[in-house]
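Order of writing sets the chain letters: A, B, C and D. Residues in each chain are counted from 1.
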Amino acid sequence: MKNVQSLGALMEERGVSRRAFLKYASYVASLMALPPAAAAAMAEGLAKARRQSVIWLSFQECTGCTESITRAHSPTLENLIFDFISLDYQEVLMAACGEAADAARHAAMADNKGKYIVVVEGSVPTKDGGIYSAIGGVSNLQMLQETVENAFAVVAVGSCASFGGIPKANPNPTGAVAISDLIGGKPLINISGCPPIPEAIVGSLSYILSFGKLPELDHLGRPKAFFGETIHDRCYRRPFYERGLFADSFDDDGARQGWCLYKVGCKGPVTYNACATLKWNGGVSFPIQSGHGCLGCSEPNFWDGGGFYRPLPTPLGATGTVLAGAAVAGAALGLGASHLARKHQKNYLAAPKSEED
Amino acid sequence: MTSSCANSLAPELPAHKKTGMAEPVLREIHARLESFAATGQTGAIDLAGMPLTRADREALEAFLGRGEVSATLDVAGRSEIWETAYSGVWWVRHWGGDAVASELIEITAIPEILKTDRTDAAGAVKRLALTLQQRDRGSNGDGA
Amino acid sequence: MDLLSFARGPALTFAMAIFVIGVLWRLIGVLSLPAWRDDSPPRKGAPPAWLSALQAILGKMIPHKTFLKEGMFTTVNGYVFHIGLAICVFAFAPHILFLKSLFGFDWPALPNGLIYAAGVITAGSLLAALVYRLANPVMKLISRGNDYISWTLTFLPVVTGLAASSHIGARYETLLALHILSICVFLIWFPFGKLMHAFLFVFSRGATGIRFGRRGAQL
Amino acid sequence: MTAKTTASGVAYDMQGDKPDLARRDAAMQTFVRDFAKTAAIHMESCVRCGMCATACQYYVTTGDPKYTPINKLKPFEQAYHRHVGPFAPLYRLLGLGSNVGIEMLQEWESLLFDACSLCGRCTLACPMGIDISELIKEARHGMYTAGLVPDRLELMDRTAKAWGSPATPADDFADIIHDAGEENDVPVNIDLPKADYVITTAPAELTEHTKALTDIAKILNKIGVSWTYSTEGFEASNIGYINGDLDLQEKMTRKMIDNALQIGAHTLILPECGHAYGAARWEAARWYGKPIPLRIIHMTEFLGELVTTGKIKLKPIGETTTFHDPCQLVRRGGVTQAPRDVLKALGLELKELEDHGSLGWCCGGGGGVVSNTRADPLRFKAFELKKKQVEDTGAEHFVTACGQCRITLTLGAKKFKWDKKVESLLELVADHLVD
């Protein structure tokens, strides 16, 4: 058993002091907006924790989520996570392949029964027995169920795993579903986004490591620390929204002035994520800062929201034809009603049906 | 389209502009320092949690000034820690690579991270003993 | 499907369809009834019917001074919430986008601060109207279920709109969905209750305008 | 005929011996028949704002909310929604808006007849432009067929049917004219086979104001036109119009017009009577069924024409006066300027009432209210409004142009021991003709 030592002891062997834990904890606490005092407890928890076995499953996905977490921008800090966890199975990163890789997964599951964390990237096809995505002849569905069975917790990374994402978008040919639909009552964290913000993955995993429990989640299973506020609420262009200053196209004066992108389809008001505060690429920018509206990628069904450039207040669906039909129906009913009224007037005059009061 | 994609076209709340948010931070520091002086209750303020611009931080830093103690840590990247001109008010800046990863103001006798953990000390005891043993064995050998 | 997509999608489409059906049903149902023919010779110098109708439609905007002695509150408060509603509905950027998606053209919006203020004033004015309706013996006597339903369905979009814009009570997308759903109920009720006066006032005033205009009488 | 009270203590009269249900159905039938486009639009449009109450003299002077004009239409409104409105099938299917009951009709009788003079002030107050007064007139049709009108009005109705006038048998008409001619020493024409002008009368002239009969004769003689009174069609006050008796309204209309056409008149002059103007000038063509090849004008219009065209000259009086605008003539008839022209020609300085012209308060007795003794208390209440406004002007004269208004106001003055004489515009003109 290789995971018996505490992380503290493990790091000490490498000549890294407890100060590293404190610094890391201070960083994560700041990310997750925990009170600074929580950093000490977190550091303490981390130092005492065993090295966490993590099994990373990749299903119907694009590997963007893996790309996101491996491109950390505070490498000295964020990369510590790879010291704190034992990434026992990760198809993109692991050296082993084929049966050896699969053996590693099974070994990790056996060694850490009930303790390992399953990270899932991608959604799972369920149509036709789940044949649309398989690894070594094992369907994603089978692999998920088998791996999750004795896991401590599941972390769905990215919108595909969290909500079904693009594979689940209309017409969803593979019958893709979110991980939450397949794992019964297993503790689950959804870290949505396409891709998710790396700090959100790191922060959430660290929290579990330190405190041995899941962070506080919203109603969609997302950590409130990262998904507690909308893009719109924290957007630096918000004052323009309030003043009614909008870009009407991507190439007009409003766009050049950096005005609010609401009219060109920004989904910021209904999208919960930390892009506006943590930003991307080490705080360089985020979509709105780069001149494009938020796509709402961390929300369920974002791909079917009626179009990225369709302003939020516009109705979804083909209203034009429906309303034309309604107009014809209304006119017909109106003419019918007046015809009926005249007929009724005549009949009623001929012989009023004595009605009850 | 390509030309209008440049970042420079999208202005941000100018980093050089003061928002006045440094003021409430100073009030909080004062309140916490008062309570530390009176009861020994320590506290910390995470500057990342405040909507401060770069100018705000610079103003805050300049206002608090530098005191007698400063330290540089080389752990998981670099960290800078100094006591400000106000005793008991410490500025803690952690770097993660080239960027500031977190920045705190601690109101305490000495920031926790500067103290040596006894577990580390225990490890050091072993390492020191081992080193001494190796040295003594070596010098003995030399002497033999 | 989440609540917001339901509200923006099927609910809104359904509500708008009912609105269109109901409005045309009621308007055409009434306007296609046969009219009495008026063969009385018009007074010499009487304006043409269309002008009489137009004069009545516009002239009736301002009540005669003598009716304000007792009708001041009704008139002023009525103006306040009608103008307030008009500002909220037609001058708020998101609403303009909604209307643009239906009609294909837009117009400049007012700053949100003004809209919020108008919304608060409108809500207050509507509450005052309700209190007046419940407290004034005349209003109480002549009020029907229709009036209270119409009041509620007008008030709800205002308060859900204010709640959504100020994030009070629930998550924004939930509030927004509730706001849209309240509009849906409003639209569905609109043609069947007194809210329909928004269309009917033209015909109602116009008809009396034509009758009075022919006689050379002042409306 | 029986005078009764409803369970809630409201007095009502009832004619005939139809069972309750038949009575109710008769009312509903007539309500339903009356709805055409304009009435339907108006029934759809009420927003229940209560502004009409502020316009109604019976509400304003009593403060009783049941006198709110739109409330007087409740049974009519229920009939509309149940049988005519665009959603009527839904109403019947879902049992919405219960059918009108006999008790309701009984209770509403006094609201429709005692507490409404059809003055139409509410129409001007309605922000939706609903012609409430017209609707009340239509609702009276159903009440009449149900046999639910005040006995006094029904009596007038029967009299008019029997005599051709509610005031006097047609047989006596010629005598009344001759007597008046002798008494006032004015040559009169009656039953000439041909004439250009036919003069009609209202009950007021045939009973209390007989001098009016010779006043117009004097003026017509003066301008030298061919004119006549006519036994066959003298009655212009259309009691059917007021009572809701459409058969009578049509009959009276046809009789008067056919007679005038037979005489070959080009102009029919209506007496100083408000409702006569509404019935003959604006509604006659509807009952006549086609445009009427005859000029129908009100006495006041006629006088106005004579003074503005200079056909008559008047001796100036040189005092101040105020003018009571008869509702049917001014507010609902459009004759606002003519009486003012005549007053000016009489050299009277007009001191307008606070509410005048189309906004003037009703005398309180129109629409049959003055004939309906049951309504006396309400009528006298309403009179106080007018009295105050007249006193506020400080004018020496108090003139009007409607015999019914004159009677109502005189009764009011008597009741309150107010020594103000209500004068007739026609009489003033006749008395001040320059020879």
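As a convention for this text, a residue touches a chain if its C-beta (ideal position, glycine included) is under 8 Å from a C-beta of that chain, and two chains touch if they have at least 3 such contacts.
These numbers were taken from a predicted model, which means no experiment stands behind them.
Contacts with subunit A and subunit B are shared by no chain at all.
Leaving out subunit A only, with every other chain where it is, the touch network divides into B | C, D.
Inter-chain contacts peak for the pair C-D. Of all chains shown, the one whose average CA position lies nearest the global CA mean is C.
Of all chains, B has its CA centroid at the greatest distance from the CA centroid of subunit D.
Between the Cα centres of subunit B and subunit D there is a gap of 96 Å.
If you average the Cα atoms of subunit B and of subunit C, the two centres end up 61 Å apart. One simple way to say how far apart two chains are is to compare their mean CA positions; for subunit A and subunit C this gives 42 Å. Between the CA-based centres of subunit A and subunit D the separation comes to 78 Å, rounded to the whole angstrom. Residues of subunit A in contact with two or more other chains: 333-334, 337-338, 341.
Of all residues in subunit D, those touching 2 or more other chains are 35, 84-87, listed in ascending order.
Chains touching one another form the pairs A-B, A-C, A-D, C-D.
By the touch criterion stated above, subunit C contacts subunit A in their complex at residues 1-2, 4-5, 8-10, 12-13, 16-34, 93-95, 97-98, 100-102, 108-113, 167, 172-173, 176.
Contact residues on subunit A toward subunit C in their complex (touch as defined above): 230, 232-233, 241-244, 246, 262-263, 269-270, 300-301, 304-306, 311-319, 322-323, 325-327, 329-331, 333-335, 337-338, 341-342. Put simply, subunit A touches subunit B in their complex at residues 8, 12, 16-20, 22-24, 26-27, 29-31, 33, 35-37, 40, 47, 73-78, 80, 236, 250-251, 255-258, 282-283, 285, 288-291. Of all the residues in subunit B, the ones that touch subunit A in their complex are 1, 4-5, 7, 9-13, 43-46, 48-49, 73, 75-77, 79, 92, 94-97, 99, 101-102, 104, 106, 112-113, 116-117, 119-120, 123. Against subunit A, in their complex, subunit D makes its touches with residues 21, 25, 28-29, 32-33, 35, 83-89, 98-101.
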